Amino acid sequence: MISKERIMEIIGNYDLDNLSIATVCSHSSLQIFDGARKEGLKTIGICVKKPPKFYDAFPKAKPDEFIVVDSYKDIPKIADELVSRNAVIVPHGSFVEYLGYEEFVDLPVPTFGNRSVLEWESDREQERVWLEGAGIHMPRKVKAEDINGPVMVKYHGAKGGKGFFIAKTFEEFKRHVNPDEKYTIQEFITGTRYYFHFFYSPLREEGYQLSEGILEMLSMDRRVESNADEIFRLGSPRELEAAGIHPTYVVTGNVPLVARESLLPLIFELGEKVVEQSLKLFGGMIGPFCLETVVTDDLEIKVFEISARIVAGTNIYLNGSPYSDLVDSNLSTGRRIAQEIKLARSENQLDKILS
Amino acid sequence: MISKERIMEIIGNYDLDNLSIATVCSHSSLQIFDGARKEGLKTIGICVKKPPKFYDAFPKAKPDEFIVVDSYKDIPKIADELVSRNAVIVPHGSFVEYLGYEEFVDLPVPTFGNRSVLEWESDREQERVWLEGAGIHMPRKVKAEDINGPVMVKYHGAKGGKGFFIAKTFEEFKRHVNPDEKYTIQEFITGTRYYFHFFYSPLREEGYQLSEGILEMLSMDRRVESNADEIFRLGSPRELEAAGIHPTYVVTGNVPLVARESLLPLIFELGEKVVEQSLKLFGGMIGPFCLETVVTDDLEIKVFEISARIVAGTNIYLNGSPYSDLVDSNLSTGRRIAQEIKLARSENQLDKILS
Amino acid sequence: MISKERIMEIIGNYDLDNLSIATVCSHSSLQIFDGARKEGLKTIGICVKKPPKFYDAFPKAKPDEFIVVDSYKDIPKIADELVSRNAVIVPHGSFVEYLGYEEFVDLPVPTFGNRSVLEWESDREQERVWLEGAGIHMPRKVKAEDINGPVMVKYHGAKGGKGFFIAKTFEEFKRHVNPDEKYTIQEFITGTRYYFHFFYSPLREEGYQLSEGILEMLSMDRRVESNADEIFRLGSPRELEAAGIHPTYVVTGNVPLVARESLLPLIFELGEKVVEQSLKLFGGMIGPFCLETVVTDDLEIKVFEISARIVAGTNIYLNGSPYSDLVDSNLSTGRRIAQEIKLARSENQLDKILS
């Protein structure tokens, strides 16, 4: 991983009055560009082959400039170009996925957030060490032969939940599993899914206090999963199995929701614990993160995954959410990132939020 | 129940230029506080042990002051303190539940709305007398031995829908029922649930006219119920029963929605009938109320319950809804309550909206 | 169909400084009236028997004037009255349905959009010629005897999806079908439904370029269908069949959602193809239209229907959506229509958007 010193050296040569925000043209780029512009920052869209035409339909979110690559794998080749434009990269999920983990952590361009989080987040075992170490309740890990109730089986390499499946018995597991792939078996928690969109600021002083900095919760969503969300129209999973039709869990979009207000203390506690543990383990997870949870009928919250950067569920709230409206008007997560970068700049603390 | 005369006597000693809005720190308090502040009123949060930290993350909704109690049951002990701060209580569902019905109706602090509504709303039989007397279509009551199609069985004491269950036959009913608890059996209506958020103003003159005052419909939501909303991913209710897994109906949050515009005449008619009947029966249900309904595929609306105060589903619309936007900008139900209190104050008609 | 020449002759006598927007009091009229008023245009509500009272509850959307008819079939009788008020009709789905296809296309009142689209859209065969000719992927048509997997059976005359049903085998089909009605059998696509709300402007120059004019995508929704969306609470379709309970697909409302940003290029491509083909086939589909789709777990989008005018799903976004917010503030589809009419007026190009 590129060292903090090297990044700060690069930033040392930046014309800070002309910072620009760069990201890959996908995932949550509309709000990242729109938010940066609202905060008066320039924007750069990184795209493959040619600028995507759809930005023309969203003038407020069209980046000021595009940098074209042949393939996202070539982003390292434009590092100098990005640096020459005083760019800060805002990495979203697709950015890291398209570029590749190794290439991302080495990229010699200042990047919003702490890149060290990746090694804790990208491996399910490490993630569990982090979250359970923080005192978070996760679905139990289950050994195949111990299955005696519903479990969710997740393949490590699976893109977007396509190979995931639910089993209720060992027999059912054996019938479905592809033994050639690495998988994890988790207890299936019955309840309703909530994805909480937090923001950790090491810089702001007013707000929900942590040991260092403050915690915000800007919005929440539920993912829309294809085909699992609507397949019940055809039949129950067992009935469909006979017909060779299987539920899949590929995210196609997001719906807005709010949680019972009485859950807010618990929700914030979860966010707080995760950040505090991240400070201990690897110097802190900076900026936006998402806890992916199930709320049970006992009103317990089980966290089944963490995303340590902006998630696409925040796209619903490009002009504010029922929660962010209580912080600031028209506040998207993308805009909040731009605010944090500006604050760090004005307080000469860019080292605290970039890596 | 404390008399109107006593309440008006208390109000008579208030410094009306320094009214404050008080409620319990839960349920819909964020919008109640945010709305009051937007209308220039002071706010008081009533909390147990210590101020909840989460308000620090929502600066616009953080109350100006907290009053701490050891237990919500102790709210009567702070009545004098509330009165000394010229407080008007805005009771939400949790307020009444936490404090207790008897204590709530006797509380010697001016309270928004008509406390008489409680005896009609808190008893399922009385509620049915009120709503059916208003000409509202409710799901039929069914005797256990007459079950010959889907019914919903609701326990009287059940908190948040946990013990509710669906049965399709008498045998299924007998297999599930806990004979030690009081229950109600209602016809199960197939359709889609809509929760309509109304506001009855006895003071405003412009608008949807009732015999006295006007009716507004500010928003609608659908409740998210755990685990019923997602349990189909595991299997059908019958398949899961064998595995000892049962659907439950605990509200964990809310999603926004809108209804077909062609339903609006009927929706308003329902609200109108309920208010008119409340005026006849007990002097009127003042302020926000919610009709909890199922819209069938014949586009009929069956009302299965009424909440005679602000419901948590309005939390989605802290900065306006597709309906309230047509009344006023950034209008939450919480803010609408503050507007009504201000209007009553300026027109010297606080007796019409407080009890 | 009334000729363009005749319409332009009528418009030639209009007092263009006093244009008004007229539509039937249902469907999406609130945003049409609200949007027109925001753009400074007068509004006329066409209603049966008497003005619907519910507008009184939505002052910003109450039309300036009502014209009362005995039945929507009588709208042709008020054509002169509409013309004398310089009215442009904005036809929504209910407008066309209530008035009737034949009467609508002959109505001698200037109408927003191209009325020729109706003959392509109202017949499922023609619709398929149009969409497949544009290179759009639709669910396959299936012959009854070829059913060997899930299909959706749609009756031609069915109002709002009530008679639709799903079958997985020929036997199941035969058991359900009403042989006295005309039906279409389509492959049932498993996935999640998205309804994309586009706007085609032949006049604007800046934006997502088509061969003539530009394309916008202002919002998306998912329809709420009664009772199909909640019937899984009772049991699987097969279990319920025994009890004589059948899923139905009647739209009762809409929920908001957003799609994965990586789908936007494909979504725009679909809109683009449909418009370009409409330009070739019948002079173009002007203004708002909706593609009704299923997004599969391969992230393919299958279009199962098109609506060539404003759809009720846009009612969610009366004050803007996460997409329209990137075009303009507080931009509903209703308001966008009013903007287009004003632009055409100021550029002397009303012939391009009226018929």
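Letters are used for the chains, namely A, B and C, taken in the order the chains are written, and counting of residues starts over at 1 for each.
The definition used in the following text is that a residue touches a chain if its C-beta (ideal position, glycine included) is under 8 Å from a C-beta of that chain, and two chains touch if they have at least 3 such contacts.
Model, not experiment: these values are computed from the prediction.
K.L.:
Based on the touch definition given at the start, go ahead and assign the chain network to line, ring, star, complete or other.
P.N.:
Per interface graph, the chains form a complete graph.
K.L.:
Nearest 5 degrees, what's the C-alpha rotation angle taking subunit A to subunit C?
P.N.:
The two chains, subunit A and subunit C, differ by a rotation of 120 degrees.
K.L.:
Using the average of all C-alpha atoms in each chain as its centre, how far is it in Å between subunit B and subunit C?
P.N.:
35
K.L.:
Which residues belonging to subunit B are in contact with no fewer than two other chains?
P.N.:
Where subunit B meets two or more other chains at a single residue, that happens at 232, 236, 239, 255-256.
K.L.:
Which residues of subunit B touch subunit A once you look at their complex with the stated criterion?
P.N.:
26-30, 34, 52-54, 56-61, 94, 162, 224-227, 229-236, 239, 243, 245, 248, 250-256, 312, 315-319
K.L.:
Can you check the complex and tell me which residues of subunit C touch subunit A?
P.N.:
Residues 149-150, 166, 168, 188, 190-194, 206-209, 214-217, 222, 228, 232, 236-239, 247, 255-265, 267-268, 295-299, 320, 322-323, 325-327.
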